[in-house]
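Residue numbering begins at 1 within each chain, and the chains themselves are lettered A, B and C in the order written.
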Amino acid sequence: MRERTVLDVQGVTKRFGGLVAVDALSLAVRENEMLGLIGPNGSGKTTVINLISGALRPSEGEIFLGDEMISEWPARAIARAGVARTFQLVRILHSLTVLENVMAGAVFGHKRLWGAAARKFALRQLDRVGMAHAADAPTASLTCIDEKRIELARALASDPDLLLLDEWLAGLNPTEMQIGIALIRSLREEGRTIVLVEHVMDAIRSLCDRCVVMNGGAKIAEGTPEATLADPEVIRAYLGVGHA
Amino acid sequence: MDILITGLLLGATYSLIAIGLSLQYGVARIMNLANGEMLVAGAFGAFWVFTAQTLSPFTAALFVVPGAFALNWLIYRVLLRPLVRRAKSRGMLEVETILATFGMSFAFVGIMLLVFGGSYFTYSYLAEPYRILGSPYGLNRVVASAVAVVICGLLYWGVHGTRTGMAIRAVAVDPAAASLVAIDVPRVSALSFALGGAVTAAGGIVLSTFLTMDASIGVVFTMKALIIVIMGGVGDVRGAIIASLILGLAETVVASLIDPGLTLAAAYLLFLLVLLFRPEGLFGRRQS
Amino acid sequence: MTARETRTLILVVVAFALLACLPLLRHGYLLSLGVDIAMYTVLATSWALFSGPTHYISLATAAFYGIGAYVVAAGIGTLPYPALVALAGLAGAVAAALVGLATLRLSGVYFVIFTLGLAELVRQIVTWVQNNFTGSRGMYVLTSITERMIYWELLALAAAVFFIGWRVARSRLGFALRIIGNDETVAAHLGINSAACKLALFVISGAFAGMVGAIMAPRLSYIEPSIAFTSELSFQVVIMALLGGVHRLWGPLVGVIPFTILWEVIAARFPTQTVLLLGIAFLLIVYLIPNGVVGRIESALRAAQRRVSHA
């Protein structure tokens, strides 16, 4: 069975001045697939997320969402076209309540609901991430996992065709980590299309269908998690020469 | 040719006030909207020295410059530092410093009105012609721009040739990184803010030798300084100097060819062009 | 509509009806104070509609106000007055749109600086045009419009501002602005066009300032550039709005009333010291009441509630 390609990144390069952050990277994400994007620190993963979501524009290459070329689009247009993301450093809207944070996704994203419908849909997403009890709470005294869950619910509330999670599991303690992994697994079982940037190898192994490994801005390996994580070049990238 | 030289002479003096503001905004990260009032205070000093003491107005620098330095240092430490510390983001700091320095600006104007009254003040110093390439120019304007060039040169050396200057430049580029290499960022910021105020007050002395001023004219100079700083690129001394010359020229061209009442419109036109086409400044690097 | 909203609506209607009776007192000074307060209420509330959520400090009020006054002065012989007020609103909106398009994409500092000189810029241009093309500097606006009619017009405009503010707060646009005020990056990634949202609100505030200028023109009766474009007005409006608080629709009103009265007193007794008053007011706002009087009261109430619930 061949599934539709949701995201197609073709030969994308991003330069900052003289620094090449992403170097002629190509990758494709199929519908219902969970793709892990991994690599050591500074290998350009977050830059790729920023390029896909429109926070940055590629210096070269093209990005397609379905049939549309989105690489020149502003972030807001890409969001409306159906790409939702979370941020490496969680970004909660602090003067809004928890429910309003999630409603923001339902109202303005891909889905564009309003009024009672938006409220209902947002509540469902909050429930989905296990935060329905806190709907009317202010955002001041939330724990790290709660903030991450709210941000995830906000992304889900736009009912995205493609979800980008930028180190969503980072900073969680071991118990929270278990909750977090279970939550992402349930998203996968729902059949969502997700790109997951992650450092937590257990999560990558147990969650992803496929992995793309980056180092120095370029793709050095691609395949199933087991195969890529055993690749000598990947081990070298993570641990340095001599360990392979 | 007349326009060119008059414009350049004016621009040279503008560069002084622009560099003052640039030090405050580029290094201490304070958009000081009370900058023009410091200039007027300097001009008052020169006026007082010349009329009451019958000395050269430039001798006012002896007390105006250290006085402005001390005052601005105090302002930074007492009024602005708390804002820097409580600000949660760069944007919030911007809003608060804008409001606070507006407050200071109006308070200064109010105090100067109380002390000196609301009348114009002007004096006649070196108001004799000086010939450049055959055409006469006010000697006071020529001397003023020469003094401005000398001060700019000293500052350039200070910022690029000394250890403290290097710390100032480091803070201008990245305060967080500067503090990692053991630069006392609050101290350097206060120093730059004070230095900026002193330079501006010196600019006031220089300008007062050929311009008529009153207590509430400061905001006009604040505007001009801001336009120059933005045009030249924040924290870019070379850019500020070139932008000053461009502004001086543009104002002179408009004043002599169209109408002297439209000088601000000329400045605004430049400002608008910069905002639309090069918001990062004439020589600034475009951010990605 | 919820029961609470209905109650508020009834209260507001009653309040406006009572205020509309003010001219019946036939008290000249009260009426003139009423005109001032109504005028500043419209200006400060519409200012806060834009600046409250976006944190952009606009000093363009005086420019739009002056443009509105000039529309009336220039057209009073040729067009009916109500049409001129509408035209003034349109002119204010267009001017705001032009300024906004040039500056709202950029950081807040550039915006403040640009609006800071805007009134002076328009004044210079108007003066130049008058000197070179029309001959005379001033223009008379002689109408049969009395002060009580001006008061009623401003009151109606105030009702319109509150209505629009209330509508915006309940709309997608209002929700978008709250998100933009929190975090513009998140807003962009949620699909919000923040430049368009800011522009929409700035245009609304420009239109109101233009209409206020038009309504006030008959009261000024003689209009020349230095009367119509007083940058002081922009600062007064900023202070009043911030003093009251910009996080609630009625917040600016809390600042307008005391500040207008204080301003009248100072301007009458110490006319040269109004500048000092502006300065002190700004410093007071920044250092003592950064969220306005309303914000102060609300946080005090919240603290009291917490104490009660802990006890």
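Rule of thumb we're sticking to: a residue touches a chain if its C-beta (ideal position, glycine included) is under 8 Å from a C-beta of that chain, and two chains touch if they have at least 3 such contacts.
Model, not experiment: these values are computed from the prediction.
Taking the mean Cα position of each chain as its centre, A sits at the greatest distance from chain C.
Ranked by how close its C-alpha mean sits to the mean of all protein C-alpha atoms, the top chain is C. By number of C-beta pairs in contact, the leading pair of chains is B-C. Averaging C-alpha coordinates per chain places the centre of chain A 48 Å away from that of chain B. Each chain gets a centre from the mean of its Cα atoms; for chain B and chain C, those two points are 32 Å apart. Averaging Cα coordinates per chain places chain A and chain C 43 Å apart.
Taken residue by residue, chain A touches two or more other chains at no position, since every residue touches fewer.
In the complex of the two chains, the chain A residues touching chain C come out as 53-55, 74-77, 79-80, 84-85, 87, 91, 93-96, 100, 103-105, 107-110, 112, 114, 154, 158.
Within the complex, the chain C residues that touch chain A are 172, 175-176, 178-179, 181-183, 185-194. Residues 55, 57, 102-103, 106-110, 112-114, 116-117, 120-121, 124-125, 127-128, 131-132, 235, 242, 272-273, 275-287, 290 of chain C touch chain B in their complex. Listed in rising order, the residues of chain B touching chain C in the complex are 31, 33, 79, 82-83, 91-92, 94-96, 98-100, 102-111, 113-114, 118, 216, 219, 223, 226-227, 230, 259, 261-262, 264-265, 267-268, 271-272, 275-276, 279.
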